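Structures follow.
Paired with chain B in one complex and with chain C in the other, chain A is shared by the two complexes that follow.
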Partner chain A sequence: MSALPLTPLTLQQRWSIFVVEAQTELLKTFRTPAFVIPSLLFPIMFYVFFGLLFNSAGSQAGNAAKYLMATYAVFGAIGPALFSFGVDVATDKDKGILSLKLVSPMPLSSYFAARILVAMIFALMIIMSLFAVGAIFGDVTMTRVQWGATLIAVLFGTLPFCAIGLFIGLSVSGKAAPAIVNLIYLPMAFLSGLWVPIHLFSSSMETLANVFPAYHLAQLALGIQGNSVGTAWYLHAAALLGYTIIFLALSARQFKRIDNRR
Partner chain B sequence: MRTFIAVLSCLAVIALFVVLLPTPDDASQQQTTQKTTSFSLPENGRYRLTNITLFDGTQWQENATLLVEAGRIVAPDAGQTTSDTVLDIDGQGGIVIPGLIDAHTHSWGNALDQALSFGVTTSLDMFTDLSFFVSKKPQRNNDTPVSEGDLFSSGILVTSPGGHGTEYGFTIPTISIPDEAETFVANRLSEGADYIKIVYDATAGLPTSRSRYTSIDYATLSAVVQAAHDQQALAVVHVMDSTSAEDAVKAGADGLVHTFANGPASDALIAAMKAQDVFVVPTLSILASVAGEGRGRAMIDNSPFSGRLPGAIESAIDNDINVRGLPDDYFLTALNNTRRMHEAGITILAGTDAPNQGTAHGISLHDELALLAESGLSPAEALQAATYGPFSRFDIGERGHLKPGAKADFIVLDKDPRKDIRHTQTIRHIVKNGAKVPAYFERTKNIGSTPDTGEISNFDIDLTPITGKRFVTSSDNIMGGNSSATLQRIENGCNGNGALSVKGEVGNQFPFPWAGALLMFTESLDNGYNLSQFKRIVFDARGTEGTFRLMVMMPGNPRPQERNFAVSAKCERISIELADFTGVDWTNITGIGWMAGATTTPFTLELDNIAFE
Partner chain C sequence: MQANHSPLVKVNAVAKRFGDVSAVDDLSMTIHPNEVVALLGENGAGKTTTISILLGQQIPTSGEVSIFGHAPGHWAAKQQLGVMLQSAALPDNVTVKEQLRLFASYYPNSISVKEAVETAMLTQLERRKIQTLSGGQKQRLLFAMAIIGNPKLVILDEPTVGLDASARREFWKCIRSLAENGTSVLLTTHYLEEADALSDRIVVMSHGKKVAEGVPAEIKAKLGGKRIRFRTQDSLAIIAAVVPECEPQLRGDYTEIFSTSPESHLHALFTAGIGIQDLTLTGISLEDAFLQLTHANLNTQPINKDLTA
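Now for the complex of A and B:
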C-alpha cells in the first residue's frame, strides 16, 4: 500500500477548513439553546439586578452602572470561554470526536481556532447587550475610545480563559466538567470583584484577588474608565498573558497524555 | 469571498454600535470653554446682561436681562440709562443666581478669597480673630471691584472661662455671671460685631458629658440674649444637643447655628421655634465630617469640581473628623431634625462651619445645599437658604438677591439648579461688585521654584541648609501652647561629624501640641519649593525613643500634613516616600518640620545628612 503523498496544506485550504469548522461549530452551538440562552441572559440579568437597581439607589448617577457594566461584561465573556472549552472539549474527548479530529487530515489548530471564535462571538454578544442595557437604562457615558477599548480588552481577555477551559476539558471527564467549571467560574467571579465592587472587600480579600485572572481582566477593563484600584494596566495584561502561557503549556502536556492513551 | 464580506459587515455593525453609544457631553464642554473666553465685562461696570435665566432671590425669570451699574443692580427702566449707552453682554443662556452666602464660617488667612472663587460672595463668620475681622470689614462697603468675598462677623464669641472658643491659643474675654451680660455685649458691638454669637452647652459639667469644656449657665445665656436684643443685635446660639437647643429657644435666641444629632428634636422644641420664628443653620457639612460621611472625597471624585481643585482644598475636604463610636444613625438624625424643622415651616439657612476639618470655604457650601436638598428642601428652597434667607434674617445690606439696588454679586451657571441643586457646582463665571472675578478653575496655579539640588545639609560646617532658607525652632507657643524647642549644631553626629540637635518639651496647653525643628524654604509662607521631581526624603536620626512626625507645610493651607517615623537611641537612616503623604501638592511646599510626638517629652532628636532623592 502506497502512502498518500504528504503535501502541506496551502493557506487557502487551511482557511476553508477553518471556515467550515467554525460554521459547523457555530451551528452546533446555536442548536443548543439550553446553552445559548442562559449564557446570554445570565450576565444581563445579574447586571440589571445589581448594577442598575443598586445604581438607582446611589447618589452618583451612572457611576456604579458604569463600573458594574465593565465587571459584568468580564463575567459574561469568560463564561462561554470556560464552558466552550472546558465542557465541550471534555465531551469531544470522551466521545472520541477529538481522536477522530486528530486522525483526520484537518489541522488541529482549526479545531481550536473555531472554538476560540465561537467563544469570542458569544463574548461579543454579551458585551454588546450589556453596553446597550448600561447605556439605555444605566445612563452610562464613556468616550468612543473608552467604549471601543473596553470591548476589545474584554473580547481578547477571554483568551486566558479559553486556555484554562482547555486544560480542564483535557483533564476531566465530560460528566465532571460542568461541575468543575462552575466550581472555578462562580467563586472566581465573586472573589475577583465581578459581582460586587472589589473595594467593598476587606484588604486581605483584595490582595487575594490578585491570584485570579478574572480580577486582572476586570481591572484592565476598569482601568479604561479610570475606576481601577490603581495598578498599572500592563501588569494586569502581563498577568493575563502569564496565565495563558501557563495553561497552554499545561494543556499541551495533558494533550500528549490523551494522545498516548488512545 | 462571501465569508470575507460577512466578516467585514459584522465588523461594520460592531463599529456602528460603538459609535452609537453615548459619550459624555464633550461638545457642550468645548462650547463652554469658548464661552468663558468670550465673556468679558466692561471696565466702567455698566452693562446689560441678556439671554439669561434669572433667579433674583425669590423669583425665576426666563429670557431675562440684568442691568448693572457701578457694582449694583439697577431697574431696567431707570431713567438715566438709555439703550444706546449701555453695553449688551450676551449671557449665552446661562443661569444667573445671586452670589451665595455661607451663614456659618470662621474666617482668617485667605478665607474670603477662597470663598469667592467658588461663588460665595458673603461669609457670615461666627467667631474669628478680631484683627482679621477689623481689617476686612471696610471693604464690604465698596461697590468697586474687589478680589475677596464680603465678611460679616460676630467677632469674639460669648463663652465661659474654659468654654468652647477659648482653646485656640489666643486669649479672649469670657463671661461668668448674668450681671456681666450688658457690658459684655456692648463691648462686642463696640468692637464692630454685626451680631452676637453665644456658645451654650446645657450638659457641660454633667457626669454624662463627654465635653472637656465648661459652659455659661442658663441664666447667663438668657441675660446675654436679652442684652443683645436691648442693644438691637441679633443673638445666635451654638448648640450641639437637644436640651441646649430647647434652652436657647426658651431664652429667646433668634437663631441656632447648628442642628444636633444626639436625638430627635422634640415636638415642643419645633413648636416653640415656629412660634418664635427662630431660624436654624444646620451646618450639615460639619456634622457629615464628624460622622465620616466622606462627602469631600465624593466631591473630589465625582462632581463638576473633579480634577480642577487646588491641592490645598482637596486635602482640606478629604479628611473627615470621623469621630469613633457615634451611633450609626448619627448623621441621619441630623438630616431628619432638619427635615422636620423645615416641614414645620422653620427658616433653614445654609452654613458650613468651614474651615473646620473636612470642610473648606466656598466649596463646602455647594455641598451643604445638596445636603439641605437631602433633608427635604426643594432645590429652589435650598438655593434660598443661601441667598434670600440670610438676607432676610441678618442685617447684611442688599445682598443675597438681585433685585434693583442689590450688590451685583452673582454666579452664572451652566445648568439649571432647579433640576438638581448640585448644578450650582457648574460654575461658568463669578461676578462680584459687577466685575468678573476668577473662579477656582481660572486661578493660575502657584508653583514654587525648583531647587537646584535635593541635598539639604550634612551639618559638617554649620546649620545653613544648601536647599532652603534656614532651620528654625517651631512650637505651639505661637498659639499659646507651652511646648518649646531649641536648635544647636553638635560635633558628634551620626557619622562623627556635625549634626543638628533639637531639644525640647511637648506641652499640654494647646490641643494639638508640637515642638521641633522647621526647615523654611523661603521667608514667606505664601510660596515655596516645587519638590515634585523627588521621590522621598531621607535623613539620619537618633534621639529619644519613640514616634516623631515629619510635617509638610503648604501655602494657603493652615493644616500641615504629617507622617510618623520611629526614632531610637541608635543612628538610623530613615526614608519616607513623598507619595505616602495624602493631600500634599508637592509643586509648592513652604517648609518641612521634624516634630516630637506627644509621647516623647522631654525629647532630644539629632538629624543629619538630610536630602530629597
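Now for the complex of A and C:
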C-alpha cells in the first residue's frame, strides 16, 4: 500500500464535487418531464389568465400586467425551491441516500449548493418566460435596471424557501412531502397577494400577509417597479433573512435525527 | 501511515443504550489490515447499531471507538472508508456510470469507474438507468459505490439480504476479489454460511453482547451443529454413556442429541447397538445455536435439561 496523503477537502475539490453533484441533480430532474413541464407552465398559465386576459379590459393597460408579472415571478420561483428541497430531500432521506452520503466524505455544502442551483435554474427559466410573455403580450415596460433588479431579487429571494423546503423535507416522509408542500405553497401564495394584488384584500388580511415570507419577497419585487405598499425595502429583506435563519436552525436540529436505523 | 500490524478499527468496551433497551453491551473488537471480519448475529443482535457507532451516526453511551486512529465520523476516517448501508436505496433516473462518477468525486484517491464496475461485475451495465437493474445488480452497484473511493476498509451491513442464491454467490465473488486486493472488510450477516465463506474471523453477537469470536472453523464447530432425533428403547443414561459430549435429552417419546459431527456420533450409536427408529437429522437454527453458545459461555446447563429430570 502506498501512503496516501490525507488532507481535508480543498476549495477546488469542493467545487468539483459541487459541479458533479449539480450535473447529476440536473440530469435527474430534467429526465422527469412530468415534473419539469407543469412546474414551468403553471405560473405562466396563471399569469396569462389573470395578468393578461382578465386585465386587458382594465383602465391603465400595462400596469396590471407589470404588477402581476412580478408577483407571478415570485409564485413561479418559490415553487421549485420548496419542491426541490421539500420533496427531493424527503425522498433522499427515506431511501437512505442521504444517510449514505452523510457517511461518505461528501461535503454537505456541495449537496445543498447543488440543490440551490437546481432550484435557481428553474426559477430563472420561469422568470425569463414570464418576462418574455409580459413584455411581448402585456406591453410591460420597465428600465433595464428594473428588469435586472427584479430578476436578481426574485432569484435570490428563493433562498428562504429553500430553507423552509429543507425543514419540511427533513421533517416528513417522502410520501407526505408533496401534499405538505402544496398545503403551504398554495395558501401562502394566495394570502401573500401573488395571485390577486394585495390591496384588493381587506386591511386585516393585508396585515396578516406580513407573516408570510412570500409577501415580503413580492413587496421587494414590486418595490423595484414602484408598486409596493410602501414599507421600506430593507425591512422586507430583513424579514426574508430572518426566515432563512430560523428555518436553517430548525433544519439543523432535524438533521441530527437522521440515521440509517428505521 | 500506520504500521501494518496496528488495527484499523479499535472498539473498546462499547455500550449503547436506547432508554431502557441495551442495543450493544460491553463490545470490544478490532479489525486489522487485510482482514475480513464477519459480525454474525440474528436480527436485533446489535450489528447495525455497532456499524452506526463505527460510522459516527450513533454516539456510544460508554466505551471508546477509534477508526484509523480517528474518532468515528472524522473526515480522515470517512476518506478511508467505504460503506454499504442496510437500508440504502438508489435514486432513479440516473445511470450506473453517473452514480459512480458522483461517488468517485467525493473521495480524493478514487479508482476509475471502469475498475469499480469490473470488481462489482457490472460491466456492460454502465449506461443502464438504475431503475432497470435487478435486485442483485442494484446491490452490486451499492457495493461499487462503497469501493470506488479506494478505501482501506469497507463496511457492508447485511449486503446479501433479500438476494436469491445465485445473486448471493455473485456478490460473494465481488467481496472475495476486493479482499484479495488487500482491502479490509467488515460485514454483518445473519447467515453462518456467508460468514464462513467470506471471513477470516467471525464475531458472534447475541442480544448486544459478543458471545464468541474466532476463525470460521471454530465458530462453525460451535454453531454449525445438527439435531439428531430418534426413538429408542434404550435409556438416556446408556446413550449418554455412548455419546457423552452430545448432552442427550428426552422430548416426549423422542431422544434428542446435539452434535457437531453427526456422522461419527451416529456411527458410535449404531456400533454400540442402540436400537434407533424414526431417525431425523436437522440443522439447528442460528438462534438455537446462539442460545446454546450463550449458555455454554455462562457455564450453565442448557435450559431444556431440567425437562429430563
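Please note the rule applied: the second predicted complex is superposed on the first by the 252 of 262 C-alpha atoms of A that agree within 3 Å, B and C clash if a C-alpha of one lies under 4 Å from a C-alpha of the other, contacts with A are read in each partner's own complex, and residues count from 1 in each chain.
Note that in this section a contact is a pair of C-beta atoms (placed from the backbone, for glycine too) under 8 Å apart; a residue touches a chain by one contact, two chains touch by 3 or more.
All values reported here derive from a predicted model rather than from experimental measurement.
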With both complexes overlaid on chain A, does A:P8 touch chain B (first), chain C (second), both or neither?
second
Just checking: does A:F131 make contact with chain B only, chain C only, both, or neither of them? Give me first, second, both or neither.
first
Of the partners chain B and chain C, which touch A:S109 in the superposed model: first, second, both, neither?
neither
Examine A:S173 and indicate which partner it touches, taking first as chain B and second as chain C; both and neither are also allowed.
neither
Spot which of chain B and chain C makes contact with more residues of chain A, would you?
C
Check the residue A:M142 against both partner chains and state whether it touches chain B (first), chain C (second), both, or neither.
first
Scan A:T207 for contacts with chain B and chain C and give back first, second, both or neither.
neither
Intersected contact list for chain A, partners chain B and chain C none
Touching chain B in the complex, chain A uses residues 19, 59-60, 63, 124, 128, 131-132, 135, 140-144, 147-148, 151
Hey, which residues of chain B end up touching chain A in the complex?
3, 14, 17-19, 21-26, 298, 302
Show me the residue ranges of chain C that touch chain A in the complex, using the header's touch definition.
1, 33, 48-49, 52, 55-58, 73, 75-76, 78-81, 83, 85-94, 98-99, 101-103, 105-109, 145, 149, 152, 157, 182
As the complex stands, chain A meets chain C at residues 1, 3-9, 13, 16-17, 20-21, 24, 27-28, 31-32, 92, 95-97, 99-106, 259-262
